[in-house]
């Protein structure tokens, strides 16, 4: 009972998944979509168990002050932080306007005379401003254009003007507006785009860019060195097989680097040939063999022959 | 042109420091590597958990629920039963049975289509290989001729319209080709796998590429011997043994090739790290503000000094301590 | 005298030239002969790329004499099962450029409707005008079918010759008559015959699975030994002597990968062995779901060995799903816990070399098995034993020499013979066909694997 | 056995960290002192290039960015080159990713390569038409990430809008974008550019959807997966493959904007040299050692 029911259930699901491939009927298609979604949900919920397991494994080490317990703290801590900054906090306590436009009264005669309008900017100097064609920040602006306002500013041509204020890095709001200015008009662009939280938020992106990405890439890059040492240690022509492995490896190695073509133009051809013919031939054999094995394994599962994972001792 | 925020300059330095921490694994297991390792693992977990929940619950169930949704709910519930009750643990087998059967069934049909069907289809092609006829070939086919770039292909197509090619030499030295293009084409000449083997300017009657034919035969042999090697029902003795040995040889050549390719990839990674530290992937303006090289040197010094100090510290504390494990 | 001939070819799946139903309609301004082909599935082959799921209709046409003018394809639904014959129709008044209500609202001719001026209102695909929906707009004829996705039901199509305006999707004129097709109602197929051979392949494997299971109960089956598999038990024994744990890595791919599943199945048997030897087994998982299953599997392994009490759940660990963070974590375990045996079964990517090299450093016995071809060279070079591709799937069968398990290998071998025969056979056919040797020109792999 | 250690033994037993050091130098030094070998595209790369060249303006192309920061090394040069090519072809772009590690990376790359022109008129060392800045949700959309790997592929093959809940990543309804409204499933895309670092990626796309909906696909892949994908190129299921860093460098040359890829490919020479030397040394030591043992015995 406790064993046969799950097995039967599995057989049902498995056989359906196989049949589904051969039945183009739309009703079946729709059902399959559902079933596949369930799989995703189950897999995702497992992360809760994963988290529990993580604590189960690391917490005792910390409590018992085992060697390296400090690093376990780092592990749990960074996990917690990264998870928390991933939450959209801002949406929890409401958002604020990234900026606003404030037209100043009266034309500025000087500007009017040489047919210009003025945009004053009230923003921190790390805000990237796109005023019409120019992209700049308050640091690189004129100190003053008119006695009307002490704010840094730029002269612009009359007509429709698109204003954009954001920050150079991801994770901030952007303020965007179009205004229509005539010569002599003055407008103040006040902008201080707020920081976003959550998936595309500032913190998460920062940690991703400066902790996750470098570690990830460097871990991977270690392989460049391991490959060298593996080559030194393991690629020794002990027998025919090893010798062949070595030979083709060296040929492809040379051909892969630009130097290969420099040595002889037929080297890349040779390596391509090895790849297309010899490599593909044997590779195809493995692909097919593995596919057969995989299908047989799959069949044994869905036909209920293999049931060790469900407590049935097969 | 705007400046990089201070926090991001710091970030860049942190990134470079962590890069060095992990590289220090090459010297041996040490506190700096452990720091990088645990930080990395922790961050990755925190990252994934959010992603998983966002995409499987927040996004998917951002709609009014239906009766269908009871099914996954039930499965999930059963998965958690083991925390609640001891004698109901067996319920946990249902979600297990579900996912395993689901994915097993799915891969059966996925594999039978692509890895069996299509591979069989591809494998059973005619052994006869005809040369590419520069006179009639289409643009794509043309650019499969060694050394023929898309640009050259279009030129050839134009050339042959005006006056047909008499020979390969004629075709590959037409006036509209630039000298560098001619040089490229000249490099690719060759009777086995080069232009002469792969292409013809004869027009009309299609010539056979004999080396191509031989290769196709070899391809077939490689496949069959390979299959034989994986044939379990007979011992590899005598004739069978010798043939399957050939299979192994070809297998090994294949592995060698893929090793060669892999090396390229791996070294590329290290190169990219170096380029990254130099700020190659960002605008020169930003790179100038970050001084990646300086950061790298500073971090390297800190780490080397640190490892040395820790080493001494270890020794003083427990005499006869084992030196950091060499990792290679 | 002006005539327009509407030749409709409603196919049962694939086009069959002999099933042409000619239909002649009188009075039309210009003599154009439409050859229209409607493709939808009726439980037979899916024709020319039209999915046989009852939700796709393919329509293609050629005109005699050939006319390059764009054609606007419109669709409207009919009450189910209505049977309407193809005919030509007017879409504009004489010399007019606006689509007339009579065409737009055929079902309610009495009521008032306004005309539609496509020269100002663009007709993008999907727009509804009157009862019609714009399906496509093609320049010239469409020899390859336009595939239209619809809900199950009965539909009617109108092919309207048009003249494009300056702005995209606008039309300034409609020369000649439009054609309204026969009504079509696609039926969903219950079997996709294009895949019959795939089914056959699966059937062969399943058949031989059962066949050999039956046979194995009667006579001893021969199966070549695999060094890698025999090594597992010895390695476990060695760890027992050294009093160090066994590390089992289930790969870095999700549970849905068949290699992960295979790895989990093998884990059951390995856990049984370790339980018998009373050795710790540490299982490192990259995905929590895999971890959940692995824990259950290990518990069963211990139970099958009759030592359920010895099972420690915290020995089955979830490290992290991030490939290289996972590699870093496992590296750490290998360096600091120093297991005497490392078993890597499942799908591995770049981290294979990382793990294998670190394991080599600690002097552990390493057994790897994966179907991931690109990683095999590294496992081979750095591990003591490596199971190549299929051997991974064979492994669980070896570990328990029970009849139904061996049947798996036998079934695999049968399949390999079938593959070899197919490949050789069709290669010969193709080669002979390439040299126009009759009758081989008539066979092709396409027949079995379209 | 003699007392003083024979050179072959020393060579066999010497500390591998020296190899690491040499490899490190081989990678860093050439970055500052380039060698500069010519780079010539291979057919596979050219085929990929052609597939993109065949596109017409306003064709809709799906770019699937299935990668993580680790694999940018090999893929980023290609990505930048192909985006330039696509943009100057003036096609509509839809970006998506099946890797949960990717989204922040993709966001950044979109800002760096799509929102701004890569090669505005007068870019030094660039031959070819200049590209323009693409406008989000007008010229291109970012569909975002969905968990589910192969299932998502299958889903996109059947109904892309359903998979992404009819919204782009920033919540813009897909139906509000004319060209996206008409691109409802993978079949509606003229070409799929697979920036694929592993699994799920090009291989899975071919296995699960290519043969179902016979789609046009080109792939850039890490050098290591090349041998894995080559059969699919032969069988015509992939229209072209760009293999790793050297492939990316070749692609940069084809597109006419040599950059990081070409620089990196140049450094490969030294790196490969080190590996080959390592192999040769290893074998020398091995054989010398063996001969000595034979003598001793």
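Chains here go by letter, A, B, C and D, matching the order in which they are written, and residues are numbered from 1 within each.
Assume a contact is a pair of C-beta atoms (placed from the backbone, for glycine too) under 8 Å apart; a residue touches a chain by one contact, two chains touch by 3 or more.
Note that the coordinates shown come from a computational prediction; the quantities given were computed from them, not determined experimentally.
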Both-way neighbours, i.e. chains that touch chain D and touch chain C: A, B
Of A-B and B-D, whichever chain pair has more C-beta contact pairs: A-B
Reference chain D; chain at largest CA-centroid distance: C
Centre-to-centre distance between chain D and chain A (centres being mean Cα positions), rounded to whole Å: 15
For chain B paired with chain D, centre-to-centre distance based on mean C-alpha positions, whole Å: 8
Chain A and chain C: spacing of chain centres that average the CA atoms, whole Å: 26
Where chain B touches two or more other chains, by residue: 22, 25-26, 34, 36-37, 40-41, 43-45, 47-48, 51-52, 55-56, 79, 93, 96, 99-100, 102-104, 106-109, 111-113, 115-123, 146, 187, 220, 223-224, 227, 230, 251, 254-259, 261-264, 266-267, 269-270, 272-273, 326, 328
In chain C, residues with contacts to at least two other chains: 195, 198, 201-202, 254-256, 258, 261, 264, 289, 292-293, 296, 322, 324-325, 328, 336, 350, 357, 373-374, 377-378, 388-391, 394, 412, 416, 419
Sites on chain D at which at least two other chains make contact: 16, 19-20, 23-24, 27, 40, 43, 68, 70-73, 101, 103, 147-148, 150, 223-224, 226-228, 231, 234, 244, 246, 268, 271-272, 275
Chain contact graph, described as a line, ring, star, complete graph or other shape: complete
Complex interface listing, chain A residues touching chain D: 29, 33, 36-37, 39-40, 44, 170, 199-200, 204-205, 208-209, 212-214, 216-217, 219-221, 224-225, 227-229, 231-233, 235-238, 246, 249-250, 253-254, 256-259, 261-262, 268, 272, 275-276, 279-280, 283-284, 287
Residues of chain C that touch chain D when the two form their complex: 49, 124-126, 147, 149, 253-254, 256, 322-324, 347, 349-350, 373-374
Complex contacts: residues of chain C adjacent to chain B: 195, 197-198, 201-202, 222-224, 255-258, 261, 264, 289, 292-293, 296, 319-322, 324-325, 328-329, 331-332, 335-336, 350, 357-358, 361-362, 373-374, 376-378, 380, 388-391, 394, 409-410, 412-413, 416, 419-420, 422-427, 429-431, 433-435, 445, 449
Chain A-facing residues of chain B, complex: 1-5, 7-8, 11-12, 14-16, 18-19, 22-23, 25-26, 34-57, 60, 68, 71-72, 75-76, 79-80, 83, 90, 93-109, 111-113, 115-116, 119-120, 122-123, 146, 187-188, 190, 192-194, 215, 218-227, 229-230, 247-264, 266-267, 269-270, 272-273, 276, 328
In the complex with chain B, residue positions of chain D that touch it: 15-17, 19-20, 23-24, 27-28, 31, 40-41, 43, 46-47, 49-50, 53, 70-74, 76, 100-101, 103, 145-148, 150, 165, 206-208, 211-212, 222-224, 226-228, 231, 234-235, 237, 243-246, 254, 260, 263-264, 267-268, 271-272, 275
